[in-house]
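Here's a structure for you.
Letters A, B and C mark the chains as written, and numbering starts fresh at 1 in each.
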Amino acid sequence: MQNGKIDAISLYEDIQKIKEQAPLVHNITNYVVMNSTANALFAIGASPVMAHAIEEVEEMVGISRALVINIGTLSELWIEAMQLAMKKAKEKNIPIIFDPVGAGATRLRTDTCHKLLNKANPSIIRGNASEIRALFLAEGGTKGVDSTHSADDAIESAKELSKKFNCVISISGKTDIIIEGEKIIRINNGHRMMTKVTGLGCTATALTGAFAAVNSSPFIAAAHGMALMGIAGEIAAEKSTGPGSLQVQFFDTLYNLKEEDIIKRLKLE
Amino acid sequence: MQNGKIDAISLYEDIQKIKEQAPLVHNITNYVVMNSTANALFAIGASPVMAHAIEEVEEMVGISRALVINIGTLSELWIEAMQLAMKKAKEKNIPIIFDPVGAGATRLRTDTCHKLLNKANPSIIRGNASEIRALFLAEGGTKGVDSTHSADDAIESAKELSKKFNCVISISGKTDIIIEGEKIIRINNGHRMMTKVTGLGCTATALTGAFAAVNSSPFIAAAHGMALMGIAGEIAAEKSTGPGSLQVQFFDTLYNLKEEDIIKRLKLE
Amino acid sequence: MQNGKIDAISLYEDIQKIKEQAPLVHNITNYVVMNSTANALFAIGASPVMAHAIEEVEEMVGISRALVINIGTLSELWIEAMQLAMKKAKEKNIPIIFDPVGAGATRLRTDTCHKLLNKANPSIIRGNASEIRALFLAEGGTKGVDSTHSADDAIESAKELSKKFNCVISISGKTDIIIEGEKIIRINNGHRMMTKVTGLGCTATALTGAFAAVNSSPFIAAAHGMALMGIAGEIAAEKSTGPGSLQVQFFDTLYNLKEEDIIKRLKLE
């Protein structure tokens, strides 16, 4: 599948692989979403583990098949743990999926991203347009290239970042955009009510981790992750009366997703 | 609205303002409720952010329109972060909403409240009767004034605290009571099953933060916060078969609340 | 009830006691499950408190009727807090329920269990077969006794641990097994979809804490805890379309459980 086509069939095949292999996905993530991202990973068939102690992260990542780093509620010891885990993951060729939550909002977040990314480049960076843009600026990019209202606004920044860190950039928005160098794919799934549920961006990152555990192409894994988010979010939203039931239905949908749902709904460009 | 009437119209107007302005509400809160309070803030239309690192709280509060401090799962570094954030909020005239979770249960909690409140007085303190009573005693109040079985039992303590800290006291209970000096308003909404969902008190505090972000009167913001909690809780409980579905329906109700629901249900005294 | 029979009547009686007494259950637990275990404790009628600061854990455990220790997201300060709380609980004869989450996965987890258990033996250790097996090995047990595919595979390890620490071992699995020395009881309730919801094992531990608060026999408390989990899980699963709704229905079921549900469903051996 490394150079394969990305379509409903490839997505469904990778979901089946996740269910069969139940890959251990190690998350060093924020307090807000630990429960919901663990539940999303379980629902799709992966095995989540959350562990952040500097005494154990290297050992834990060593038995995992993907490492998800999310800086949503940073503090000093956690940054150190992230660094140790990322270094170990690189040594062991375990894919790293990095979520720069709130990059650009405070110097701590922007600087931490800069520090972490330059010590161990991830396979995939997944963020929204503002975050990707902030990372670009933190790497010495010049202003004025992108605005940050939609994923499309961060394309130039993403291309530069992709080249600098030799990684895939996955930008979430109304349209999700996956970029690797000059290669680009757009995913037009999802539902506006998803923005009213906390941590669905972080969930996208975690699910991308599950796909990276079973597919050696970060580009395909990133596309599959966002496509699954969008499709499951659409189905869940249609069955919901608000963001509370959307979260519940989202887990149920991940658990029950059928190949025909994917075929019927997937909108790639 | 500073000196305006508090009624269904004023509440609905402020909800519309929250939806239009999507104010950033900075929460330094406890681990238990981070997810659910973020979801409540999203559901009503606000933009929650959770951040606690001493390296970033001042910067984060500087871009926020309200600061919610909740001591539910305290530890040393968090206390320091709360202090820094509250000080910065005072400097910038950003309203602080303070939730003294468990004040009176342990010395750490009571002493931390004393320390924090005396360095930077909040706009609103929101707690249950026992917590308000414990704060009063920690400030040198004499025993024997209040019992602590209902919000009414903490009225005298609340009046004293309100005067000492020049702030509004919002006491939750079967009847919610909002106090500012000698001014008092009672809200008779809510449902008994709400006490079986963890963190709905903390959610009340967070939602009060959203109202304080759009209304310069802490008294009105506190009343609106508790009125919204009570009304949404009632509607959610009627659609629920237990506390699990109540939590889900609560988010959906916040998202869908209509002016006529408020008009029909609001019970102020 | 100390030496009483374990059956549907005894379980229902203890549930009624929990509802009447609303015992305070002090949890030092992991970030992932704080919200869901608090909600489970509330739903059954107990009063959960989460507190981990070394400055307050001894005071908090002193006013509690059970202490639940769960090592799911360890770090150094938390280990110290667990140790202080466990020591105080022993002094005050407050039952300790210990959940060795992930024991065997990393040295930090295995070593921490060893350290904590040898300083203050709990009333009940509740884990899955792999965890119980890992604890046995950490205490100098020889390999080759147990495999770890089902609760049955950990019986010999559990018997040895029970004797060494003079405590009850509660092993969760398709069949749950409660062991005290040579005494053994099997519970055949539950539903396979429960493994797709994060933290239901941790919830079992927390609910066991509520039973230990109202029943002086750790063996009966452990059996009641697992029986309640299994029965509520079955009922919830039958009303659910996936793991998201299962979690919601689980809380509702705990809140509404009837004696006849227990009589009809309980499967003990």
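Everything that follows uses one rule, which is that a residue touches a chain if its C-beta (ideal position, glycine included) is under 8 Å from a C-beta of that chain, and two chains touch if they have at least 3 such contacts.
As the structure is a prediction and not an experimental result, all values here were calculated from the model.
Under the stated contact rule, the graph of chain-to-chain touches is complete, every pair of chains being in contact.
Copies chain A and chain B of the same sequence differ in orientation by 120 degrees, per CA superposition (steps of 5). Averaged C-alpha coordinates give centres for chain A and chain C that are 33 Å from one another. Across the assembly, chain A contributes residues 31, 35, 247-248 that each touch 2 or more other chains. On the chain A side of its complex with chain B, the touching residues are 30-33, 35-36, 72-76, 102, 105-109, 195-199, 240-245, 247-248. The residues of chain B lying in touch with chain A in their complex are 31, 34-35, 38-39, 42-43, 48-53, 55-56, 59-60, 63, 77, 247-256.
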